[in-house]
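What follows is a set of structures to go through.
After this come two complexes, each holding chain A, first together with chain B and then together with chain C.
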Partner chain A sequence: MIKLIGALMIIGASTMIGLYRAKAYAERPRQIRQLIHAVNRLATEIGYGSTPLPDALGKLAQQMQRPLDRMFQEAAERLGRERNATVRQVWQETVDRYWGLTAMKAPEKEAFIELGSTLGVSDRDNQLKFLELAKSQLQHEEAAAREEQVRFEKLSRTLGVLGGALIVILIY
Partner chain B sequence: MPAAIEHLLPERLSRIVSRLDRSALDLLEELRIRESRPLEVVYGGQYAFVTAAGGLTLSADEAYRPDRDDCLKLLDILTNHSLYSFEEELRRGYITVRGGHRVGIAGRAVLDRGQVRLLRDISGFNIRLAREVRGAAERIIRSLIDPAQGLIHHTLVVSPPLCGKTTLIRDIARILSEGAWSGSRRPGRGVKVGIVDERSEIAASVEGVPTFDVGPRTDVLDACPKAEGMMMMIRSLSPQVIIVDEIGRKQDAEAIQEAMHAGIRVVATAHGKDIEDVRRRPDLAPLLAASAFSRYVVLTGTGSSRQQHVYDGQLRPINPMADKAALVR
Partner chain C sequence: MNFDINAIFQIAGIGIITAMIHTVLKQMGKEDMAHWATVIGFVVVMFMVIRLLDQLFQEIRTIFLFQ
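Let's look at the complex of A and B:
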């Protein structure tokens, strides 16, 4: 009886792990999409509104979903508050802090941090070019992430259940 | 230090400036920051370099030299991390910050069809402190009033930089608007004053609201080009007196004549050592030739040796004190 409970627990746990991994595969392209949205909004704010960066980021934060909203919110607040901060540094630190909470991986992080080192330091045309560049990089990553999602989302789910079953069979 | 500029400076510079001698800080007029060249202050009409410990020296070798990082951070603060929203300012070469201080910038010009489009590689800053001196115009205001109409004469204020032009016309605006020109405020005598504040220096407006006291009946067109602004004022704000700073272009002179012919009194300032200097400026010469102004105020001296001289339309000096005596009688 106890053995049976143990076996069920193992299968349950590995299924959970599988589901979790599958969810990460599904979340990643969705979040990259959000980042692309953010970059688009930023381009509008900078290109048409000439909105100062802290305000623009604050506005963005209100339209994002967790946990990205908090990332933008914190960047906006720090830029408004800290006298010694540069955009590059604040951007890097906040992205580092919040990236772990997202499902996104290294390539899109790199592209996004790269964007931070160019924000606010040049004229409008230049800014729009950098934003365009970041957008195309992110779109590239989004496509890659979607491909991974198709390939691995289901696989992770089934692997979770089957892996649990395998362990149970082996130790039974 | 004037707390106003503390929040403009990155930490390292702010620390150095806050250690400056009180006597220099109180008289501080300009703070000059140039990348890898000595940090300089101009105070009370003299200059000095500043050492890393905040001491004053005349030797450039002992002075603190702001590095690239200091300059980048300063620019970041001045533009609120958003250089792109300051394109117009970068084209004109200065940024006006909260408190009415003007920051002149030097860098490399980027041209677009022969016109300066903006400055890049910015490496030189001149932070000019704006001071509100209430009563700066009190001594001369009576010689500027036209007793027949109870209004101010068309007045041109002439002086080299740093002699207090802007401070003077700001106080004139306040006095006229309060109706306080014979010493005490008399209710019901204030006039409608319009200020066209192209460089946001007169009223130091933040989000459209003046931070300096320019009087209760004063409208301010902030950041508006002078010539256009004067026409807008005439059309829609019905001012009795228009005040503008630093006229110099042809359109400015034309707009001033337009305003004068619309029955509006004009108070303007121009750069120049004396009236002759202004007369020699091609775009302003017609204004003077037409005897448009009936009062000239020439400011001389900086720091504590400031002097105000008033002349009438024929350039005859008017002694403010004698005039006052005449008025009192």
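Let's look at the complex of A and C:
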């Protein structure tokens, strides 16, 4: 009886791990898409509104969803508070801190940090060009992430269940 | 006797699950991983069979050679 309960618990746990990994694969393109939206809005704020960067980031944070909004919120607060830190430094530290909470990986992080080091250091046209560049990089990553999702989402779900069954049979 | 039947079923189960993992991995285009999964399953089953064979030889030795 206890053996059976233990077996069920192992299978349940490994199924959960599989589902969790599948969810990460499903979440990644969605979050990259959000980043692209954020870059678009930032371009609008800079190009048409000439909004100061902390205010623009704060506005963005209100429109973002769960793990990303805190990243933008913190970047906005730190930019408003720390007068002699550079945007690049603050951006990099904030992204580093919150990236682990998201489902995104290294390539889009590179592109996003790259964007941060160009914000607020040149004139409007130049910044808009860099935003455009970041956008195209992120779109590229989104396509790659979508392809990965198709391939690996179902795979990790199945492998979770099967791996649990294998462990149970091995130690039964 | 009872133990032997259990071991056979266990080996059969491992075979089935390994085959399924192989199929799934191959379908998703990870053929190298699929082969590794098969090899690992094979090695595990091999260990179990070797343990059983070892038992068998020990029995034979106790019966025929050393009383």
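A few points about this structure:
The rule is short, and it goes like this: the second predicted complex is superposed on the first by the 172 of 172 C-alpha atoms of A that agree within 3 Å, B and C clash if a C-alpha of one lies under 4 Å from a C-alpha of the other, contacts with A are read in each partner's own complex, and residues count from 1 in each chain.
Just so it is clear, a contact is a pair of C-beta atoms (placed from the backbone, for glycine too) under 8 Å apart; a residue touches a chain by one contact, two chains touch by 3 or more.
Everything numeric in this text was worked out from a predicted model, so none of it was measured.
When the two complexes are overlaid on their common chain A, residue A:Q65 makes contact with neither chain B nor chain C.
Look at A:L53: by the touch rule set out above, it reaches chain B but stays clear of chain C.
By the touch criterion defined above, A:T158 lies against chain C but remains apart from chain B after alignment on the C-alpha atoms of chain A.
Residue contacts after overlaying the shared chain place A:I169 against chain C, while chain B stays out of touching range. Ranked by how many residues of chain A each touches, chain B and chain C are led by B. Judged by the document's definition of touching, no chain A residue lies at the interface with chain B and also at the interface with chain C.
Of all residues in chain A, those touching chain C in their complex are 151-152, 154-155, 158-159, 162-163, 165-166, 169-170, 172. Across the complex, chain B meets chain A through its residues 7, 9-11, 14, 72-73, 76-77, 79-85, 87, 90, 118, 120.
Within the complex formed with chain A, the chain C residues making contact are 10, 13-14, 17-18, 20-21, 24-25, 28-30, 41, 44. Chain A makes touch with chain B in their complex at residues 46, 50-54, 56, 79, 83-84, 86-87, 119-124, 126-127.
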